[in-house]
Amino acid sequence: MKKFVNDPKQFVPEMLTGIALANPDTLRYEPKYNLIMRADAPRADKVSIIQGSGSGHEPAHVMVVGKGMLDGACPGDVFAAPPMDYVYETVKLLKSDKGVLLLVNNYTGDRMAFDMAKEMSEAEGIKVATLFINDDVAVQDSTWTVGRRGVAGNFFVMKCVGAASEEGAELDEVVRIGEKVNSVTRSMGIALTACTPPAKGSPLFELGDDEIEIGVGIHGEPGRRRAKIVSADEIVDELLGAVVPDLPYSSGDRVALMINGLGGTPISELYLLYGIAHKKLADQGITVARSYVGEYCTSLEMAGASLTLVKLDDEIERLLEAPAEIAYRVF
Amino acid sequence: MKKFVNDPKQFVPEMLTGIALANPDTLRYEPKYNLIMRADAPRADKVSIIQGSGSGHEPAHVMVVGKGMLDGACPGDVFAAPPMDYVYETVKLLKSDKGVLLLVNNYTGDRMAFDMAKEMSEAEGIKVATLFINDDVAVQDSTWTVGRRGVAGNFFVMKCVGAASEEGAELDEVVRIGEKVNSVTRSMGIALTACTPPAKGSPLFELGDDEIEIGVGIHGEPGRRRAKIVSADEIVDELLGAVVPDLPYSSGDRVALMINGLGGTPISELYLLYGIAHKKLADQGITVARSYVGEYCTSLEMAGASLTLVKLDDEIERLLEAPAEIAYRVF
Amino acid sequence: MAVDLAGIERVVKVIAQTAVDNETYFGELDSVVGDGDFGYSLARGFEIVLADWDDLDRTDAATFLQKVALIITGRIGGTSGPIWGTAFLRAAMTVKTRETLDGDTVVAMLDAAVEGIKARGGADVGEKTLLDAIVPMRDTIAARLTEGASAKEIADAAATTARESAEATKSMQAMRGRAAYTGERSIGSVDAGATAIGVIATAIAEQWA
Amino acid sequence: MAVDLAGIERVVKVIAQTAVDNETYFGELDSVVGDGDFGYSLARGFEIVLADWDDLDRTDAATFLQKVALIITGRIGGTSGPIWGTAFLRAAMTVKTRETLDGDTVVAMLDAAVEGIKARGGADVGEKTLLDAIVPMRDTIAARLTEGASAKEIADAAATTARESAEATKSMQAMRGRAAYTGERSIGSVDAGATAIGVIATAIAEQWA
């Protein structure tokens, strides 16, 4: 394994320390719960927005804490949902009169930790709602009850509920918006390489020099099927072919298009994919009105990309446009 | 080779097409010269800032075109300085009464193309200045005349001259600022893996599973020496040990600290390095007043990172803080 | 008389030590069609059980088990935290109303744990989870008890069944947890959670030697 | 009488074709201590020379060479564009004042090219660049001319010297260009530019067969 790491067990705490040191004025770090929270949270006039999830998806979610996005993120270790305590203590630290919204990427472990924490918080009189994000079309939800996974589309849910809560919207309203955004968001990913959790020290799966995994999640778990590497055009066809018909997105729709890097793919390749997808959507009469190209939800250093579409309406577009200030930034 | 690519010869044009499609209102693309330029440039009341360099360093430089940064970037192919024509035509398209500033990462090929283009432009009465960026301490400049290389520190030069030119500063003043920033900026990089130019299809060098290259540049060329992989702490010591004494940066200084990813290293690892470096600088009495963590100047999909320090003064800090809007963005 | 605390302690310690010792192995198992964190998660939690060992409240066996359950729930991430935490909590509640740590008590504790796991994760036998090792193991224990076998014999038989049942998950398709996302590709490899139960049961049986 | 256009054309075409044919090989050479783009850069430029071939201005040999130089300078990136472009431009200027494409003219063209390359890139012989193949080759041609050798003999000797001189760059430390950044590590591998000169000179000599 070649990574910038000291003791692998300290990988997450040391990363969180870096985030905190880089943003001393705006963020606060609670090491006991892997918690990165806004220094000015909780605010009585704002619903608190909390994400958990595992680590290894950075910038999601610890680097998107800030004005107009999350109030706090309390990830578990790499690829592990947070222990229930982390969520429960985070809710207590961030509780607000307006309520707390827990954003949960839809996985068994995350659901259980957040459900348990919600129950315990409610028993203490805290107003809590949960919202499960499940944008991944690679997974069909007929056979197993937990259903589709939450992947990079979670960015759009976070952005919109973050903006709405910043404007002072009530919990119900914030939940309505988040559910709407989730309901019009679909994603699909492709991996070119596996990834290596620091504590494991070796790749989670082996891919041949000419192989790709189609329909991967964001935890280094294998995808739905393996295929030979093909051209960027064909890869975009594969992704759009899965995503577009699923909602479906149709001629006349305005959409946001995200090409998300999974961690090891340079932004040059992501923009190349973006250009192809933008044109192919235009050919279908679908207008890309907003573009998102870069890393939003990664799988450690996995090379690969996911494509996300969000069907826009005036409300969503306005919330996506609203200003936000987070640790993940250029300047 | 596993990359998102169609015909490798079209790698750069297809990437540039993606950038243009993602930013239809703010950017213009001139395919003949690999040129990405601001849609509102040139402006008679503003010095035009132009970068060239090779491709493969994205977001530098084609994705940092925009308000407060570059007016145009006309890269060559992957790792190749732009042909002289690209620069010359770009200067003609972006010429302004206030003048044109050419930012050149200090490499033989880049210097020659920009010098020739400058001569030809001046012959046509265009006011042109060049500024060579050479922040890399890995290269000593005693033996060969072209001297030190320009690497990720170029971001700070671009940011400051971009901000100054946006404020309407005259060419001389913009050059003074750029030269000052360059003179207080030092960088050093370490690679964990080699990188693969699309047209080559195989890695530029081979690194063993437990080896790193110390003092690499940003073109996949080998570094100054090879070593066994060590802990993140020791890597930061190595980088700071080369960078800090070079200017030198001393106790009492306020600095900007950049941990730049070389393309394949996830931001989690970059923040881990950041935290370590921030603390070690504090131990030496050096205050990190501004932080930059992420990808600024890459080497395709190379895993690795570089560390850059900029000694701050009030003027530099003000220019770094000034607003900017570029294609490389989160929201 | 309350259930013998020493007996509970001994079993818990074996479980904790086995989880810590098998971190890498359990992680490898979870890498095949999962995300590789199972070994790490268990080890980080049970490591704390061992570290806090001397300070755990030992008012009675139930209280002790409850404290262990709290550490697990609070400190283990992923699916395993809630699942294993719930199992320990339910077992603790069973012990509360029992007098001795005999075979019947063990079966009752396992029944409670199984119900807790089912309630928490919605899984049932045959869906390729740790239930596919625990439930057959529980049945073996119950059957041998009726036959009047010795504690040692029962422990050995339980371990054998747990191991064999874990091995049998190979042919199952995962219907729960992260492995389920891989669909039919999950067939052909054993379930990590079930295998862990087999390893732990074996370690427990070895204590009787 | 002006210099024979056909002769110039033939040599330029061989150079262009050789650059295109050796894209991968030249790229590999530049990968050892450089950035691997040398083959790609040359090929992309000379590809255009070949594509535009029929439309190039053939008013006279000097004009023709000048047009080629413009394509090279304008379309080849990296260090090679300015270096090779300058070399062709200087050679074109030499031809302007010459009557025939004889041995003396060739030597004069090479001298002009060498001066151009030195002026443009600041390098000199012994610094591990293409100069280390061109300059010895030029000296061989001049020497054989004095001895009264035939054109074919001279071309063969030039090719041999270019190849041997390129090979001899192996023991040099790079003092110019990107390879110089690797310091002593550049010792032990041939220079890409010098080797290209050897390959091209060999291809030209083969035309005389």
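Note that the chains are named A, B, C and D in the order they appear, and that numbering of residues resets to 1 at the start of each chain.
Here is the rule we go by: contacts are C-beta pairs under 8 Å (C-beta built on N, C-alpha and C of every residue); 3 or more make two chains touch, one makes a residue touch a chain.
Note that the structure is a prediction, hence the values are computed from the model and not measured.
J.: Which neighbours does chain A have in common with chain D?
T.: Chains that touch both chain A and chain D, as defined above, are B.
J.: Report the inter-chain centroid distance for chain C and chain D in whole angstrom, where each centroid is the mean of the CA atoms.
T.: 75
J.: What is the distance, in whole Å, between the centres of chain B and chain D, each centre taken as the mean of its C-alpha atoms?
T.: 32
J.: Taking the mean of the CA coordinates per chain, how far is chain B from chain C in Å?
T.: So the centroids are 55 Å from each other.
J.: Using CA atom averages as chain centres, what separation in Å is found between chain A and chain B?
T.: 29
J.: Can you list every residue of chain B that touches 2 or more other chains, as numbers and ranges?
T.: none
J.: So which stretches of chain D touch two or more other chains?
T.: none
J.: So what shape is it, when you link every pair of chains that touch: line, ring, star, complete or other?
T.: Looks like a simple chain-to-chain line, open at both ends.
J.: What pairs of chains are touching here?
T.: Between chains, contact exists in these pairs: A-B, A-C, B-D.
J.: Which of the residues in chain D come into contact with chain B in the complex?
T.: 27, 31, 33-37, 40-41, 44-45, 73-83, 85, 120-122, 127, 175-183, 185
J.: Going by the contact rule at the top, pick out the chain A residues touching chain C in the complex.
T.: 9, 54, 76-86, 107-109, 112-113, 116, 138-139, 143-146, 149, 197, 199-200, 204-205, 217, 219-225
J.: Which of the residues in chain B come into contact with chain A in the complex?
T.: Residues of chain B touching chain A: 2-6, 11, 14-15, 17-23, 55-56, 58-59, 63, 159, 192-193, 209-210, 212, 229, 231-233, 235, 263-276, 278-279, 288, 291, 293-296, 298, 300-301, 303, 305, 320, 324, 326, 328-331.
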